[in-house]
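The structures come next, written out as structure tokens.
Both complexes below contain chain A, partnered by chain B and then by chain C.
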Partner chain A sequence: MFCDCKTELERNEYKRSTKLQQEADSWLKENQPEFYKLQRIGSYNAVFDAICSFVEIPQKEGRFLHFVDYRYLFDTTRGYRFENLTPDFGLIVNKGLQELKYPEKDVTNDFCVDYNKTIDSMMHLCERIAASRKAAGDAVYEGLFLNMKDKPARGFEEALQRILFIDQLFWQMGHRLVGLGHLDRILWDNYHKDMQDRKITREEALELLCDFMKALHQYYWLKSNVLMGDTGQIIILGTKNRDGGYYCNELTGLFIEALMKVQLPDPKLLLRVSKDMPEGLMKLSLKCMQTGVGSPILSNDDVIVPKLIAYGVDKEDAYYYGTSACWEPLIPGKSISPNNIAYLSYPKVLKRVWNHEDVLEITEFKQWMECFYQELKTELSELKKKISDYRLQYNPLLSVFTGDCYTRKSDVSTGGGKYHNFGITTVGLSNTVNALLNLKERVFEKHSLSLKEVADILQNDFKGYDKLLNRLKDSKLKYGMDEEEVISLTNEILRVSTDEIREYRNYLGGGLKLGVSAPSYIEAARDFPATFDGRRAGEPFGVHISSDCRNGYTELINFAAALDYGENRFNGNVVDFMISPHFIEQNFDKMTDLLMAGIGVGFFQLQMNVIGSETLIKAKKDPEKYPNLIVRVWGFSAYFRELPEEYQDILICRALENEGKAS
Partner chain B sequence: MERINNLPYRSVALCGYRQKGRNIYQQLAEKNIRIPYIIERNYQALKILEKDLGVPIVGFEEEPAFYEEADAILLTGDLPEAVVRESLELAGIKLPIVSDGILQDLE
Partner chain C sequence: MDGEKKTLITNIQRMCMHDGPGIRTTVFFKGCSLHCPWCSNPENISAGRESYTVNGNTGMYGKFYTEEELYREIIKDIKFFGQGGGVTFSGGEPLLQLPFLQPLLSRLREKDINICVETALHVPTESLMSVLPYVDLFFVDMKILHGDMCKNVLGGEVATYLHNLDTLLDRGKQPIIRIPCNREYTLKEENFSLILDWLKTHPHLSVEVFATHSLGKAKYESLGKECLRWAQISTEELEEIAVRIGRGGSKVFINSI
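Moving on to the complex of A and B:
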């Protein structure tokens, strides 16, 4: 159209620089002045209806039709954008659009009117697409889109196409990081019936899923958020059952097989795991991870479900949890819970302590920690103030796919959802814990350094103190170790964090939760001074629950399992492994055993990069030779060649550390 | 605050009611400057506040006469100024527009 960029990466940069928006505005002013005016001054419904009327319907490129007309993207200045949420796609699979509407007698407020109008607009778009397919001589898809208007999906392919249709509307309406939910469950009835009726074979179903994933992968540049690959298109698979068993079906495995086959970084998979799950499914998942696609991430139901219930999530909902774009648990179709609205930097709290005018007079570690906790509370208090004006955007489209809005007759922005708990992430906990442990040992116990000396060393970024820097890095007690002192310090910091946000209530009455995984380990560290864990100024913070010492995978899992994820501390807590493909190849069964045992021990979530340093170094040097090399970045997978250099470097560095080759 | 003291209007509509808008609203209320309505792009979500504020929260779609109730529109800075100015123009709202920059000129 008006974007003449050659690569996906260039297109993404073009979008993020807002040039796309500017050019779309110019184009609309000239070619669609009425729409342009509506976009500026019209109501949500007027604009949505115009979008459904004006978007250009392309020809099918693959099996499915999935498109976003980026000339008509919804204006994003209407309120905070919706992101990190998962609509209930089951609704569109099991019902026709007409069936989702309020009967006339139940239209009792403005919201009901807007809700019904939204569905009418969607039906109008269905008709337009059907007409377009008819013109193309495609009677099957013509019928399929007409059927969506008032009947449930009639088969597996139709169900997949419906999900793609609704999904594209969310992207068109400016949503970011749109999750897909429990697709193995949602699609099961249609798949099972087609199989029973011999309408499809397993192989055909696999092909359909491959095509479905390819369709979702379209507009990769437009869907990618901060970095290429960060699209939030996460598919949830498997679940622990309320009766204690484990639910999976043929589709659970088929989705994993499909991803192995298409080898795309996006969409990504999350497998909910439990000690009751079949070992074969874990083996299949490990095989998939072994291919390097970075999926599935494992999410431990045995730990997470009880935490959700304890926090007040209804039992039935807790067993149906999914996650936001990366790892933050939510209830698909019920949670209107932006899970990543801000982040807390623990090293920033340390910096606050250093900035105290009487810091150098502290003589005991206990005193230091009292000061640290005080500053932690202040930091969180400021963060709460910062997010206090967060107001969601009026959004009847999302309300249609958020079940409780219908019964409450209320929009998602005004409390129509069931859960409204906002979430923050935290960064640099590992650096902070390590810095505190080093201070304790060297300043307050062994007295080998004074606080003044430490302050000077940090201010001078360890210049002239290379030996000390290396010693600090190799301390005998470190985050990630299965040691009582490390675990209790980490848990105490988490508990104090909880104390400060426990009473917080957002404008919808929801609480605030936190987790120890965050995407910001590079961004937050970029201009941050040196820290006493042996990190120089500007170097990245630690990644999620990982360790830069060469302790084993078992120890890291034990450490993660000993952390206290109670109360509101369940907003994503990911163990992040770097593993060489060679290691998995040689130890496949042992790795399977480790993961199965890890579930029992109690890790919260776990993801892994299966990649060797040699490949990464070569790929950085010669990206043309590795166009399809995929890596796992914070909570998503991406093409290595499309990552900014600092993200490439941290992966190389971690791979070298993992292989014991770090200098 | 100084700028608001110098406002030559007794009745001002706010355009933008987020963090900055809320602060300005309070300042205006303290100075007994009348706020006949608030214009917000996200007005449908914020309508729930109308009862507490006692002020209608509207979009850009009212009849032009409705907007005449105010002497001027004050842009709070919560929304991109160019976008909002254009919206006001497209909506046919002819009232004087007071933005942060113009407030400075008034001092």
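Moving on to the complex of A and C:
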């Protein structure tokens, strides 16, 4: 295959330069002209079938077979790409492909025909792989792939291989950020039976999971979305039970142990937590985080489940929630909910206010806020317009693994899924809240500056106002503090945002959600002018729910818990800690107490960057010496050396702040 | 002051991990009865507000809190305190202002909040007695037991100190003894042998040793004061000290700050 000779680092560069698609195109033009043409004019099923027939089946390198032939990647430029979704992998574990098909008598519309054809193509690929394994003298995997055609998985290893097979098809078909779902639940029966029958030991199961993770990691460079590491391969573990208590099993811990062992940034783990969870599981998770591998991220069922139910998600589904690539809750196998289709920039709203003709005439903070809310509504209406033409592509493959499509006999693109709510993220809420608090104090209360002076200072990017800049940064009230004034202002802004999108309906009848997790904190800030929170032009916005306040983690958790995530405001709200591995080591039990107490206090989600500034600074200077240093960015883990410099810098800066070393 | 009794505080630090059991909020009172040359919190020595300058920016050390304000600040983290955690009163010398805060202590007790005090015990015995019923755990500094040295270097009376320590022990309190180690003063043989002797007669008490350091340098500079330099004490030396104390029967912990 082409570009196989390249080193991993070269491949990363290669992918980013988008040469991959160009090279694939010219290769196809020359060697597979029929397919080249088909990609452009063929139906979904024709292309899918060709892909299943043409992809080259490699030899098995590790235990599992998991491959993507990037010459035959599905052309996604025809419309919006599917991303941030989690197919129902339980279906392929518990049933053979044939069993997923419509019986002849039930094939009553075109969708049913395409649906069955899609499964036939998959079965055809199974046969091709089985033949390839047979030729390699591997009777076990030959049998395993043949068995997938019409029977349920016969054991733990087979179940894992099936998930890998279906997963690779999604990547092959151009899906991005493919979540993996509740694998501790999905795999339990096969694991449990193998253990009972003494077919595997716990140690062997751990090895299998390590190999499974390595297989998923194999195409890290190809699977990464905007940034390296942004693959969305998220595995959900543990759940609060609908009837009380907490569900976890031996596999829950085994997945965490496996990640600790393989030390890969991808796949990522998300542990659903609840006050009813065993403390031992939290300790194991903390140990895993302490290794710096970047997960698990914690997602608080005690807060999230009631919010989902209140929004209209069926109780049973709400208890089974997972998340998109990072944090945005969805129902695996049921939600056709692109959860990150746009972002709302709060500082942009501030900028709109400054652009008002009569802004300098404002004399009261209340008046300023009225103007702010008016502009917030305008910004949101424009955003709604921007996403109004968002249409999902016809996608029988996803429909096979989206439970309700079968019964509704309808494709995911035409409402076959159960939930169709779209989601947006937000950015710069912390900068905006801090800027507003500063304006209130300095302009409208103390009158130490006029609006005209502030406007000039911002326009001149604080030139000659270094002292003011530092004082603004160091204000007595800031985002992240559990002070009533900060909390109520933040909540008011969130609620007004909600008002404007409450009635929104997309073409499938779904609503619009938002969350305060802010993956665009660099991108949105790059060309953005200075803001009155003490941020110079171009400097990044705040990261998720984080704070540079000195009062530490308890205050931030209290603040996060006091935010109102009701109505449609649950689209990912993560608290982001910087913490040094030494600190966790020294205070392990107390850190466990902190997290367990934090669940009760009510954080929505929480993730940790376990790293010291010293290591980051050294790794930036000398990346070769730190090839495997993993950090947490947005909602995923990534190799530090592969991040753009500005992301590296912001991590260093936050680590220094956390250690009290920031200048 | 609005005519209302207020307490002068320099800092309220939340999520402290080292000032007692569990997760804690530590309140630093301003004002001390001693003036240890190695003090790492020089802003807590004077009992009045003090101005400081950092990077050209000026500010004031010390903020007055009403009892209600202080209470509200402490209970913010009540859900994190759990069974063991709570509040630690430190300073400065907390026993200078704490006796006037008995209603606050009483309210905290009612909420089952664990109360620790970090004290040098160079205070009138009545002050100690007045807070005794409310405090779960005392951390008591043991710095200089040599009478003249104590008076000249720290400005304290050994007799008062030892009497207060006995008072604690007589009332069944089991303080944790903290020894700041520096060659210039506390480890001088004529002093350290007195410390060893005292500990030998109280082998049931836990002891923490730590080296004095220059971490307070920036604070000294902000006050326009000079920060003395201390001959560095290595971890190995601290370990040796711990062994010497341990021979008398005490359980010793090395606190590497």
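Everything below uses one rule, namely that the second predicted complex is superposed on the first by the 652 of 663 C-alpha atoms of A that agree within 3 Å, B and C clash if a C-alpha of one lies under 4 Å from a C-alpha of the other, contacts with A are read in each partner's own complex, and residues count from 1 in each chain.
Keep in mind that, in the parts below, contacts are C-beta pairs under 8 Å (C-beta built on N, C-alpha and C of every residue); 3 or more make two chains touch, one makes a residue touch a chain.
Please read these numbers as outputs of a predicted model, since none were measured by experiment.
Chemist: In the superposition on chain A, see if there is space for chain B and chain C together, and answer fit or clash.
Modeler: Verdict on chain A: chain B and chain C fit.
Chemist: Answer with first, second, both or neither: which of chain B and chain C does A:Leu594 touch in the superposed model?
Modeler: In the superposition, A:Leu594 contacts chain C only.
Chemist: Looking at the overlay, what does A:Glu555 touch: chain B (first), chain C (second), both, or neither?
Modeler: Second partner only.
Chemist: So, does A:Ser413 touch the first partner chain B, the second partner chain C, both, or neither?
Modeler: Touch status of A:Ser413: first partner only.
Chemist: Using C-alpha centres only, what angle sits at chain A with arms pointing to chain B and chain C? Round to the nearest 10 degrees.
Modeler: Apex at chain A; the opening toward chain B and chain C is 150 degrees.
Chemist: Looking at the overlay, does A:Arg391 come into contact with chain B only (first), chain C only (second), both, or neither?
Modeler: first
Chemist: Quick check on the superposed pair: does A:Gly42 touch chain B, chain C, both, or neither? Answer first, second, both or neither.
Modeler: The first partner, chain B, only.
Chemist: A:Asp358 in the overlay: touching chain B, chain C, both, or neither? Say first, second, both or neither.
Modeler: neither
Chemist: In the superposed model, how near does chain B get to chain C, counting Cα atoms only, in Å?
Modeler: Closest C-alpha pair between chain B and chain C: 52 Å.
Chemist: Using the touch definition up top, name the residues of chain C that touch chain A in the complex.
Modeler: Listed in rising order, the residues of chain C that touch chain A are 13-15, 17, 22-23, 55-57, 76-77, 79-80, 82, 85.
Chemist: Would you pull the chain B residues touching chain A in the complex into a rising list?
Modeler: Spelled out, the residues of chain B in touch with chain A are 18-19, 22, 41-48, 59-61, 79-80, 83, 86-87, 90-91.
Chemist: Could you list, by residue number, the parts of chain A that touch chain C in their complex?
Modeler: Spelled out, the residues of chain A in touch with chain C are 467, 470-471, 482, 550-555, 557-558, 586-587, 590, 593-594, 597-598, 600-601.
Chemist: In the complex, go through chain A and note every residue touching chain B.
Modeler: Counting only chain A, the residues touching chain B are 37, 40-44, 75, 77-79, 110, 114, 388-389, 391-395, 411, 413-414.
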